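Here chain A shows up in two complexes: once beside chain B, once beside chain C.
Let's look at the complex of A and B:
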């Protein structure tokens, strides 16, 4: 039986671990130079530092995951630096690009563990050099050992905001201000739910506390107004605090992000239907608690299916691997499966509380000023989208080019939906979602040797 | 809910929207019926080639007329659908293909289509970015391209302004004719009646014809398309080749649009998608024409569904089985350019009983398929 696993983050690693233990040798593909995924992204060999420094509280888990990854590599068909740019569910074939070369892989079952990306809301000035996502700001520290600026402002909401602030401060970078769009009241209201997982909760408090203890200015319930800049660089952020006072803080770089969204293009191309999840405020591919989808032989796990964080990703990856084995008629370890199911059920409740604690600020996106660039690839402003708004996201895309550039709406799609929903006065979920088309990421035009393809 | 009109136009592609516009302008009470949004099928997702060169001689009079309408689209509907006259340069990659280009010059002359043949030396002087395999070209200076996403909505908007009723999200699921009136029922429960029905339902027009006892041999056709990230604007003409296995154009904002070969589709959904090996093959063909495209990133690929007839030209004209029924469908992969004129021609067939454009070649009974017995 040919099994393919896409993604070598926490979900992919734990899935492959189960598959290998059951005697399989899956093909395992990741576009990054090494496995580890987003949370445990590894620095290039020349920049390796110790795990404690890199991953803080998570260093034990990081070391365990990396150890497992390295142990598995020789036991599988390991394909790093390989982008899966298309999937054909009828042919059960993956289309891959590695070092400029095209290749295909046929599978009997595939598990997509493609992870997540930052969810951003455009602000005045967000397309200036020096502005990155929170995730990118963190990857700079984790994988490259550098900060995005000398005086960094961090803007957005969610656990990653406070984690990155903590990591920057600890790494010796100067954090000018942390601007959280979520109010303390909203956090407090969600606290009882979060207490279900005292460790997660304690970590969250620790990061927030550590940032505040270092004397870093923090604001809650603020509305970011603009990223100011001169011709060459960012010069500051302007925001309105919870009491309605406008403030300005000088900085030379900004990291911003409002939670995560799944990288679900492959799931889309595989024909898996999507639903709008109002709590997460994301379109999610349909899958059950075991990772099975309505498309037979196609399975999902980790943040690529639904944002759950690293712990959930590890559990879900292992669980989906068991589902694959069971569907193939192999023996499964029912006790292990039951443990995973229980742990996943508990995590879902914590996750729901977390989503309630840091809700996606719909109004911030919906109320974008007309002159703010919404789709940076096509240089389209929020007002232009409003002027052409019709009750269908794809039609509005066709009329305005929103989401038709390099990112194919991966970056601007979330805010575009909210601007549109407000403009036509409808629920976001009723407007549809941007359709996925291959390639899942930009792919170079290269001349290729004529090759035979299985039909 | 029953809606009465003079004319029902079934299908809101470029052709149907133009028909609604032209009929409404002449005072008909016309109702346009569209399953999804206007222009959501072939007319909205095609390559955007507005090309006369290379067409079947029977199509040239329609193409000439359509080109005239394209030229005044802005006055007609208030939007030019980004139509730009870039010229269409059809390329030969060997001596046989060159002979083909030369042979077509006579056809073009007979229909007053201006063409300029460009020989082996001149072609590389005029277009220094062409690859060495190109040996000659034929330039149609009046041809060009447009943005397919804009055409049908603009035509429908103008049709509405002229008094047409445009019903989107209205899928017709049953066809009848009672006492000289067509009775069409939609999935959403609505019912539409009129003495005249114009079938402009694209690939699905075949099913409509079959419902009136005149089935035709129609197949789905799904051209394979891709677009690159923007780069410096340097390819001005819309490029094609003899044989048509690759075509590409660049828009002034810099993106290069490449088509060639076929993807796959399921018209019942409807759903279509490019095939990866066809996309990769198109890389090779495109690089042969324009080597400088190497390394440019493809950001999206797609396909669509048109109706393909065995002789690669559409069905246009009155029904042979049913009085009051007219057809215009099955444009076989090149009906975007024709759409505006098809609407004008259909309005003439409906209101005047004839059109000055010769339509004999497009008759629905040209395959001599035995008319099936109509079910009640």
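Let's look at the complex of A and C:
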């Protein structure tokens, strides 16, 4: 039986661990050179620091995951630095690009663990050099030992906002201000749900407390207004605080993000239907608690299926691997599966509380000023989308080129949906979502034909 | 945009060029880090005249850090490691 696993983050690693223990040798593909996913991304060898310093509270988990990954590599068909740019569910074939060479791989079952990226709301000035996602700000410090600037403002909401602020301060970077668009009242209302997992809750409080204890200015329930800049650099961030007062903080870089969204393009191309999840405020591919999808032989796990974080991804990856084995008629460890199911059910409740604590600020996206660049690939402004708005996101894409650029709507898609929903006065979920297209990322037309067909 | 190096600065030096001008990088830098921790300020200009760009996601998704490497072609600066002698042009 040929099993393919796409992605070597927490979900992929734990899935492959189960498959290898059951005697399989899957093909395992990851776009990064050394796996680990985003949360446990490893720096290049030349600046590899100890795990404790890099991953903080999560260093034990990171070390365990990396150890597992390294142990598994020789036991599988390991394909690092390889982009899966298309999947054909009928032919059960993956189309891959590695080092400028094309390759294909046939599979009997595939598990997609494609991870997530920042969910972004455009702001005035957000395309300027010096403005990045929160995830980017974190990658800079974790994988490159750099801050995105000398004096960094962090804007958005969610656990990542406070984690990045904590990591920056701890690494010796100057954090000018943390601007959380979520009010303290919203956080307080969600606290009882978060207490279900006292560790998650304690870590969250610790990061927030650590930031405040260092004397870093923090603002809750604020509305960001603009990122100011001159010709070469960011100069400041303007916002309206919870009392309605306009404020300005000087900075030379801004990291921004409002939670995460799944990188679900391959699930889309595999023909898996999507539903709009109102709590996460994301379009999610359909899958059950085991990782099975309505498309037979195609499984999902991790943040690429639904945002749950690294701990959930590890559980979901292992669970989906057992589903693959069971569907293939192999014996499964029912006690292990029951443990995973219980842990996943518990995590779902914690996650729901987290989503309620840091809700996606729909109005901030819907109310984007007409002159703000909405789609950074195509240089398209919010007013241009409003002028051409029709009650279908893909039709509006065809008319305006929103989301048609090189990132395929990864960055602008969420905000475009909200601007459109407000413009046509409909619910976001009724407008559809930007469809995936192969190749899921740009690739050179000069890439060489397949040098091999995996047997 | 100027990246601030916080640690691990005792790595071997690499010599690159950006649009013909010398850039000093460190072993293990991505091209994005190498250029923006030096004095490149930006990596490309928007095709639509709305100004300079210097990447955004740093994880190979947003495609806003494209540069040209002589002999290789167009790459994403954020996921391409700097190599000694690389000749880079803004994208």
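Throughout what follows, the second predicted complex is superposed on the first by the 446 of 455 C-alpha atoms of A that agree within 3 Å, B and C clash if a C-alpha of one lies under 4 Å from a C-alpha of the other, contacts with A are read in each partner's own complex, and residues count from 1 in each chain.
The criterion applied here is as follows: a residue touches a chain if its C-beta (ideal position, glycine included) is under 8 Å from a C-beta of that chain, and two chains touch if they have at least 3 such contacts.
Remember, it's a predicted structure, so these values are computed and weren't measured experimentally.
Of the two partners chain B and chain C, it is C that touches the larger number of chain A residues. Legend: residue contacts after superposition of the two complexes on their common chain; A:192 is shown touching neither chain B nor chain C.
Contacts of A:278 after superposition on the shared chain: neither chain B nor chain C is touched. In the superposition on chain A, contact is made by A:173 with chain C only, not with chain B.
Once the two complexes are laid over each other on the shared chain, residue contacts for A:232 go to chain C alone; chain B is not touched. In the superposition on chain A, A:406 makes contact with both chain B and chain C. When both complexes are overlaid on chain A, the residue A:209 reaches neither chain B nor chain C.
Of the two partner chains, chain B is the only one that A:443 touches; chain C does not reach it.
Legend: residue contacts after superposition of the two complexes on their common chain; A:398 is shown touching chain B, with no touch to chain C. Contacts of A:294 after superposition on the shared chain: neither chain B nor chain C is touched. For the contact definition in use here, the residues of chain A common to its chain B contact set and its chain C contact set are 405-406, 442, 444, 446. By the touch criterion stated above, chain C contacts chain A in their complex at residues 1-9, 11-12, 26-30, 33, 36-37, 41-43, 46-64, 73-74, 78-79, 81.
Taken in their complex, chain B has these residues touching chain A: 37, 40, 44, 149-150, 153, 228-229, 273-274, 276-277, 279-281, 283-284, 286-287, 293-302. Across the interface of their complex, chain B is touched by residues 86, 88, 95, 102, 392, 395, 398-399, 404-406, 408, 437-439, 442-448, 450-451, 453 of chain A.
Those residues of chain A that touch chain C in the shared complex are 31-32, 38, 43-47, 49, 117-118, 127-133, 135-136, 139-141, 144-150, 171-173, 232-234, 252-253, 263, 373, 376-379, 405-407, 410-411, 441-442, 444, 446.
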